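Shared between the two complexes below is subunit A, which pairs with subunit B and subunit C, respectively.
Entry: the complex of A and B
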């Protein structure tokens, strides 16, 4: 396969800004309004979304900051210099396992939801394979090309969502937002993990920060990206509540698809949810590509001489195999749950270790100098 | 090497044309309306369902086709224990695959929902199946619902389309919107009362009219009764915004008012859950459109008396509806429960489980009417 070489393979701040939404907005967007509405009353769910968003913005900041302190260094390089080589390999391997599971999960979810809405007889083996081939094609190319695609897709998603919100406005009933603040503290607390999980994926910045031209400035753009996702999630959630109402949102499997379903008769099109379907699938595609790319990147960081395309092809059978393991809707959502918790735990552990060592070493360094 | 490459990859291209789920549009049978009836001598609790399938060719009238064109629909019916079972057996009688994504209306016979079935069980499939849309309009028929899908409307080609438009335009006259299957989800899950359009057979050419609304009890999903004529007007006057027509008796003569943009607010006057006291603040801005008495209505003193009658009439129709709902049916479709839940969640928590069932706080609630009448214009003539 021939690839087009880009100038220097470095990425700009804007790109970092779009990577965050690209990875965070994934299949969760279709289901989170339900899990949120089922535990809160009225439109109160936005509070936990906001808290989740704040947590996400904080972790984005911490991840991007620590990575930017080692400009141009890969995750493997700076963790081994901070935490010794074995631990660096262990962490890299854990992240590697996580990312290939994410790829499999997203693929399985795509197969599941397209079964639900589009295909009845097509076996999921075929859907998974076709989807993964396209993902593989994207990963084999230049990394910068992935980011450019991601940029386009995020713009498309943003525009489509704005259009969706505007076209859904006539069917919105703002009374459905009431009553406010009636959810009790316990329910908020019980809901919070779900909200935080909706925002998982920012750990990719551990790996991508080495590619930026101006690492210190990229931190800010990454945080802006995280805030944009929060705004996006809250808007979509409030729209679901206003159009469908809390009860319907809580009792519909894919509230966002139903929301698009409500928007009817635009010109000659009677049902436009298939259009939105295309857009959501592309955002899921983007998440999958980035996760796949990270898993390849982890290997090439540890073995710099390895051929990227070779590794990408070698991973495919494993990813494909895992994606076929969950067979029904419940198993797919369980897998999503496991991945969410694993990603959060791993990110927090890595962050804690890195920052502790950084402060420790920083003091030592200062003492050594004086 | 190059030839090997071609030998391997060119046959792969053939796979590209494959598709497991391909279904040509000609093979789809689009369903536009569904009618559900009970089966006579019903020992096995069977349902009878009729689907109206569109024949696309019949929808297009060619200019030179003077014979009146082909039929644009066909009705296929079958019997089964569940709606889905009936659907499958209908499919056996059909040459195409039934496509349910464009159903406009589901009509259910009142005989079915008065006693035997919960309406939520019947229409569950219309919300659960993935290709269904939430915009399906539900209606209840007086007697057989099948007959309604066999009417011969003159202006549109499909009976189901005619019925849908009939319901929508009638609701629109009162500035309301009919409940769709998507809206019903709320009532079903929360066990709240609701009302659906009630269709009746008439001997007229189209053979159908919107006779009123059927009121359903939330706790058991059964039909409690119907509201007709004046009672509908009374119900409309309790909505947050409405447009209505009132006919006022004035010294034995009649006068008609239209209320193009009426408005009603609900208020709660006390906080005692045992004996709630609601008030409807109704703002009626009427326009006199017809008066059979030769009084000079451009003079203000003549209109004063009429205004009083106007208010009394509004009060009469509203209290009739409210008392019927509170005492006869015991179903809260006055949106008190919405109001309490949204604006007074604390009180709602206490009465929630016994609202229009069990202890029936709804029936015990006091309702006062505070009607504010204004006659904007007396019309063009005196």
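Entry: the complex of A and C
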């Protein structure tokens, strides 16, 4: 029998490759050109983006590598074998809180931006709830189905962005990129955390690597995914600068949507920025679904007998409640900032602990053998 | 989600079965062993089926052998010529001396019909007589002969009514299973073609045939479909779609998990590509499975046209299904929530056409859509002779009167008409009607949440399709994720030399859902 191999709940390398952009590209894509442009001169922001991407690729490699060393084992299993059970539970719980907050944050952001671009009258509570119900529907299904949906959405986003970049080319003024390398070193340093934060989310690989068919090869795919995100971010940023210019990029709330706004009269649609906005909603949706799924996965890893659908439903009120807490744009973006830092810290701490223990134990093992 | 509706049904079914064994309808008490007297046997048979009008009993005697014998059959479902000439005549005219057992002699030398079986169980004999066979009793014999004489009037083979092709075979299935099997067999002269027969219908005792090609079909799919077919408990099967509903994975899905067809060439094609087909006696439709999303877009026409034309037609159908699903919803979202997205001139013309309208845009489009649905339904139900009336009435109501009376704006009429045309582009009626329901759902959510609602509806559909399975095969396969080898016969239909002979995605190792259940 020829095998493409499917329906066994395992995921392929290509899926892993698409998971990374699925989780990383979220609401950040709409805002990061602004924060970046406000601190740097001309188009110089791409340097920090590149460094951020490199950091992201490195952390992706480290996360995927350590997880692939324990093929088929869940995060809880291998952390408890490395770092004892209480620490494993503590880490799992921290990640659980983090993912729950991410779900709420993305939902709050969606409601906020929908108010801004799509409708003013509809109450954000209703938007939140409708969005969360669809997320819940996805989480209640098969995990593989989520990845299939994610694959489709990533392709859609990529195609849409390429179309956007191509259609925006005529309005691009390359002189706006100049002069280059005028930003001073301090500004780069100050901007770097922001860039790194734009790439948060790769920690999901801690949990998803156990699903891959060939763990050792998936590491490479994951890193390629991270590099693809870097390329994507840099392209979008350069386009924003070339079309809008540094100053207006720095002063627009959602530069990417404005970029779409510059592209007028394609076919019979007049203002296609809402259309693009809708496409970016799907990528945010994907991030939310993955975060939600991870939070459910953490619980089912610790309690293997728990019913997945039951847990997903139980989490909904909490998520909904947290998503209603931030009332305006600034609070939402503050929440995003907190989440970004929390995710980075947690990932780094986990990584450091795991690798130290792994090296320690590996040496011990070697000594024991010799 | 982990447990399909089908599984639940099946379990429920089993429990009930355990509670009361023998849920079959009460059979009249029949002595199962045959007596050695012909008159006794004929009486038993007569009483068992209530001496109906169409039962023919006849005593005859065999030429030289001076023994009483009798035959019984149901007229109408038997071939009377065959009974007269090949049974009665040959028996009566027999002048040969007999050696050994007389019944054996009759079986081997006299009856000139190809299918003859010797039986001694009355219940079985009754069943066979009800199927159109003739039973022959001989005095002093405890066995009877059952002779295959089923026949009677059948509809002639005609052009399929529901699936028209410009180019391609003109034959369609008929109500007789035998004819249908012959039609398939004529297309596939392969020794590996299998017709596996089942009896379904606790009262109707209809024959069901599972058709597949042994070395092509994935054994796991086969195992699964056999498992499901054996679970069927219906009294009477009006059409193969009842079987379809019984064995499908999800009964809540708007997407068909098996496709009905009345084309023998379609069945032959799909069976050779690794699928199975289910045929039931008494209906010209057969059901094909497993089905994936891209299949609901394929017509046999695609293979009979040159590849560029065929591919363009397929893309056209994809666009048509998107229009059929989303156009009214998009219109509602645009007009109600985002008029800014439309070109200014279009907004003005829409606004001008809607001026003075008594209803809101939503009420208007729901009204028109509902009218159209009713029109469609009425056109199907009306007798053919007055069927044209509905066309005229509909044309006037939808086209002219509604606009001139100021109830609907012209643009709504265009939207409704475009949606209608698009929904009829689907090669399968079952797909077209289930899309109608989805369309109304999309309209509703767009009326509530605009473009945001539209994207949510789209996401729900995608998630549903990626979760759905047809006989263990993920429904989204060949699209999400794409299967490389099947790309050439998917959304496009590649050059004939490039298309794989079998569907690769069906040939894969599937995790057996059956085993998963038992664990």
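Here is the rule we go by: the second predicted complex is superposed on the first by the 364 of 370 C-alpha atoms of A that agree within 3 Å, B and C clash if a C-alpha of one lies under 4 Å from a C-alpha of the other, contacts with A are read in each partner's own complex, and residues count from 1 in each chain.
In this text, contacts are C-beta pairs under 8 Å (C-beta built on N, C-alpha and C of every residue); 3 or more make two chains touch, one makes a residue touch a chain.
Remember, predicted model here, so these are calculated numbers, not experimental data.
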| item | value |
| --- | --- |
| Contacts of A:245 with subunit B and subunit C, given as first, second, both or neither | first |
| Which of subunit B and subunit C A:118 touches, first, second, both or neither | both |
| Comparison of subunit B and subunit C by subunit A residues contacted | C |
| Which of subunit B and subunit C A:149 touches, first, second, both or neither | second |
| First (subunit B), second (subunit C), both or neither touched by A:131 | second |
| Partner chain(s) touched by A:141 [first = subunit B, second = subunit C, both, neither] | second |
| Which superposed partner A:274 touches (first subunit B, second subunit C, both, neither) | second |
| Contacts on subunit A seen with subunit B and repeated with subunit C across the two complexes | 118-119, 122, 126, 270-271 |
| Subunit A partner contacts - residues on subunit B that touch it in the complex | 19-21, 101-102, 130-131, 133-135, 182, 185-186, 189-190, 338, 341-343, 345 |
| Residues of subunit A that touch subunit C when the two form their complex | 1-9, 12, 14-15, 114, 118-119, 122, 126-127, 130-131, 134, 137-138, 140-142, 144-146, 148-149, 151-152, 265, 268-272, 274-275, 278, 281-282, 285, 309 |
| Sites on subunit A touched by subunit B in the complex | 41-42, 116-123, 126, 175, 178-179, 182, 244-245, 247-248, 251-252, 258, 261-262, 264, 270-271 |
| For the subunit C and subunit A complex, residues of the former touching the latter | 1, 218, 337-338, 340-344, 346, 449-456, 459-460, 462-463, 466-467, 469, 472-474, 476-477, 479-481, 483-484, 504-505, 507-511 |
